[in-house]
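Consider the two complexes below, in which subunit A is the common component and subunit B and subunit C are the respective partners.
Then we have the complex of A and B:
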């Protein structure tokens, strides 16, 4: 098991190198550049700026230099757009916030998704089943830029339970976490229900019932492990997505997370920041998938690590 | 010894005193889009203490559903179960949730496919100890000790170590041994063996049947052996119930049934089994046609459309009635059905020259 984890971690740098390379060149291929939107800049000044950021050098030299800085010093370079800020600083500032929010959203999504899915599967075709699954479809289809403002209207403006926006106190995290987690909760609920229904139809569940076990024991001990396997597979990319932040949720609730940098850096052609955020996402994704694979193996003993 | 006495008492006279399970007019219907499927439609039979009763029939004849319905294992809806199943004075169908005290404790079940009947996600240890803890109130440690003893008893080598393995680490035959150990470790009074050997290799089948037989004699457990394999019934059971389309068509002792089948369907089953002493090119006589659609049963006798002896009366439904001492059948024929062609007795056909097991219990009587 430990060897398996180590081997997977050893593969991480290779994955990241490929990721950085592709991102680096893709960003450069895109039309425009970090300073092309600045109007009325005399050519001399523009040349000066480009020289400062080494944009005047050939592409392969820029790539080599960037790679060297990242590998040897972990230096992701200066941001092209945020004045006097390095990409490292931006990530260090935004990522913990996004992590916090993502973590809460994940807890919300898993708790509600799994319990709703399990109950719906036990009471298949009941009003709870139809009700919760309809809500789940809504949760998946209504975009979060609609859900967020509705929650704000109801809970902040109308009932005044929470603040409209901000990121100061603990309760400020509630509405954003729900907004971010809702589509995932919905997805998890449906996956759980489907997974549980498949397991509950298996012969070994009949065996468990024939032993005289209480239905609760049959579900929790005999069905849940297998029924949650699809959910666990989904959690790899799902958790990564929640952890790295969401532009929309951060905008609605004015949260200083990393999600907005993701989109804006690409729109601004902020090459270093694009690379930096993609790199962060890559690391999170690889690590999450590794965790998921380990958990999967724990849940299903038939899986071998070799 | 007690077993043999019970076995010899299996005649009609002493039945009333020794009945362990009394199933009366059991029904199990399923509501489907195609109409109401009458999977079990008025089944009546008894199981005596310590005896082994065979239930035979084709796939879909209602053998399995009969037992699942009895044990409350049929999901309702879509299923609907009624009738009576009196186990030691209690009607299993009216116990509600209380049936869990009987399931796995006093009535245990072994299922057909040991590959899928054991939980792949749990260690054998957990799967064996949970029943012992629940029903016998043992601690986990004591339950484990007992489970290991039982694994040893059913012939699992190195049980102290293997109990901590998962089902996929066992072969099919070994898994069925685990299932048997699991089922019998609470020392139930009745064991329902639902096609316990169907999914196994032929060589393993014999071992498993022998194991069930040995343990049955040792514990005095009654066994309901559900099977479509007449050879299994001949080797294991004292009495046999033949089911067709959700009903019992014939009931007799095993020697009577094989030597002198009273229902055309039973006869058809026997003549469609290959015989070991026949030449390879000898032809089997299959039962023509298909089992009926249980949602659209024909009027009258369900077997009539496939029956060589059917006549005008068969459009009425025959009732299961006493036909000879200790025998029942549901057929309008005045006498015995005609064999499709002259062959040796059905009993010879089935057992072949090297049959041994079937008569063993009888020889053992004092």
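Then we have the complex of A and C:
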């Protein structure tokens, strides 16, 4: 197992190098630059600005310089748009916020999804089963830029329980976490239900019941571990998506996370910030997938990594 | 089993509640509030929550270009002059008085001895000399440095090669005689020079702070300003908090104790927050809700120093033909467009310079005339549009630009019989294509930098950096030079009128569409905010009326 993890970790730099290289050149190929604006400046000034950010050097020199700074000093460079901040600082500020939001969304998704799925599987074909699974289909198909505003309308404008948007009080986290977590809760509910139904039909569950164990014990102690396997494999991409994929939700609720920075950096052609955010997302995705693979091996005795 | 039952009933309840509320919303009367809007909760106290619309790029006045930054500087920094909140007339700022030489070329400013930085240091003439040299330095590479070009030697220094820079820097026409006296020499007598001094490019920065902290001097923990308010907090992408600067020379005027400035760029979100009482003042509104918002008593609208127009690429036949360009202009029914499409009170633009600049009436010649437009196009060789190539109207992707473009497209088709395709691209691509003249007709907007028609007119000189149409006229270039040098204000106004007339009657590299307006919503208890054409509202005059 340890060897497997090490091997995967050794591959990480290669993946990231490819990612950085592609991002670096793609961003430069896009039309427009970080300093093009609707009011043009004299060419001499434009040259001075570009010299200040080393944009006057040939592309391969810029690339070499960037790579050197990142590898040797972990320095992702200055932001072109936010003129008094470095990319490192922006990421250090935005990432914890995105993590916080993603974490809350994940808790919501797992708690709601697993309980609904388990109940639905126990009471298969009951009204609860049909009801919750229909809601789950809705939850998966309605995009969060629709769910978000509906929640705002209900809970902020009509019942005035929460603020419309912002990230200042604890309660400001509730609506964004639900909006972000809802499609995942729905997926998890369906996966849990399917997984549980498969497991409870198996012999060892019948044996457990035959021993006279309470239904609660049968479900929690024996069925759940196997029944949740499909959920675990979904959680890898799911969790990393919740951690990094909150772009839309961050915009709807005005949350100062990394997702907003990511979108705007691309629109602003803020090259260094584009590279920096993509790099961070890359690391998160790779690491999350690794963690899931490891957990999966632990849960499913049939899988062995060597 | 008990737990599962409870969970099941909880889930059922949630589902039922959700369904019920969606039905309630669908049938609620909010879509058409027939009578009174819902009352907004009052905050109370001298505190105000304002939406600024964007996160500032920086709070270094020599490095930014935007309106959102400007609104914050109106609290935390102050120039030699300060605008009257109603008329925008230059009032004393850091300078308590000034003299102008007879030839209009030398200004002597006397610094107010009570002017202090937020750390208690006195503001001196030396601060201004150092700051202006910084603002114009090629190393800072300010995109707005041209605002100071009226100062003698400013352009030469700003664009100097590395070797010449020290010499050019010393030749700059700004000199501190002593702590209290600043002498400024100009290239040309510049009628609007005093109003340039309340633009942030000319604002002072605290030398010791800048030298100690470098780029990081603008952070809240380092910032030293000289405005009525100080920067207490800068929570990136959340808000900026200003509190009174007890060292400010006119601190007795300031009533607000706390100003919270938000960077919400989604107008819909800001609007909802305003209705909920979370914001007291929003600087823009969601255009799609204009019909609903227009009925709200807290909504306001006023003229703004901005022009919305289309650039025409005059290097591409048949658009190189003046008669074709005039036909395109006369076929646009601007009044109908403003009444039925933009709807917020925009002013139909029958000239190019927006109305409202003191002492300048502008021209108004491009009124809707479909008959003449048809005839002009026929004379140009395209009767009823026959033989006219299919051209494209380009705009940056935005719902409101799309609406205007669709209507103009239709007007051209119905009046002139020509086919115009619409194309939209993302902002930076749009900028690139405008710059490279890779378009037929392209949307444009121009917001004046200072209160003078020149801010709209000098861009059309031959090969001007913001011309981008390929159009030029020798007489036009000559007139710009003459107007720059003219000291007599009546003669100068005449020259400016001649410029605009030439642009709109003989040149027409543009199709003016409308003049912008400011649109805002503000709580009725907030006082001291006066609509003006620059949308400039110094925070020191703003206060909350106590109950």
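For the reader, a short list of remarks on this structure follows.
Going forward, the second predicted complex is superposed on the first by the 294 of 306 C-alpha atoms of A that agree within 3 Å, B and C clash if a C-alpha of one lies under 4 Å from a C-alpha of the other, contacts with A are read in each partner's own complex, and residues count from 1 in each chain.
Note that in this section a contact is a pair of C-beta atoms (placed from the backbone, for glycine too) under 8 Å apart; a residue touches a chain by one contact, two chains touch by 3 or more.
Remember, predicted model here, so these are calculated numbers, not experimental data.
Because the two structures share subunit A, they can be overlaid on it, and in that overlay subunit B and subunit C fit beside each other without clashing.
By the touch criterion defined above, A:30 lies against subunit C but remains apart from subunit B after alignment on the C-alpha atoms of chain A. Looking at the shared chain after the overlay, A:254 reaches subunit C, while subunit B stays out of its contact range. With both structures placed on the common chain, the touch criterion links A:123 to subunit C but leaves subunit B unconnected. Touch counts on subunit A: comparing subunit C and subunit B, the chain ahead is C. Contact with subunit C, but none with subunit B, is seen for A:131 once the two complexes are overlaid on the shared chain. In the superposition on chain A, contact of A:41 is made with subunit C only, not with subunit B. The gap separating subunit B from subunit C at its narrowest, counted between C-alpha atoms of the superposed chains, is 13 angstrom. Interface residues of subunit A, counted against subunit C in their complex, comprise 30-33, 35-45, 48-49, 51-52, 78, 81-85, 90, 93-94, 115-116, 118-119, 122-123, 128, 131-132, 135, 150, 152-154, 156-158, 160, 163-168, 215-216, 251-252, 254, 256, 260, 267-269.
By the touch rule above, subunit B contacts subunit A in their complex via residues 68, 71, 73, 99-105, 108-109, 111, 113, 116-123, 126, 130-131, 134-135, 166, 168, 179, 182. Interface residues of subunit A facing subunit B in the complex, by the touch rule stated above, are 202-204, 206-214, 217, 221-222, 225-226, 299-302. Against subunit A, in their complex, subunit C makes its touches with residues 1, 3-4, 7-8, 11-12, 15, 21-22, 24-25, 55, 57-60, 63-65, 138-139, 141-143, 145-146, 158-159, 215-219, 235-238, 264, 266, 269, 272-273, 275-276, 278, 426-429, 431-433, 435, 444-445, 465-466, 468.
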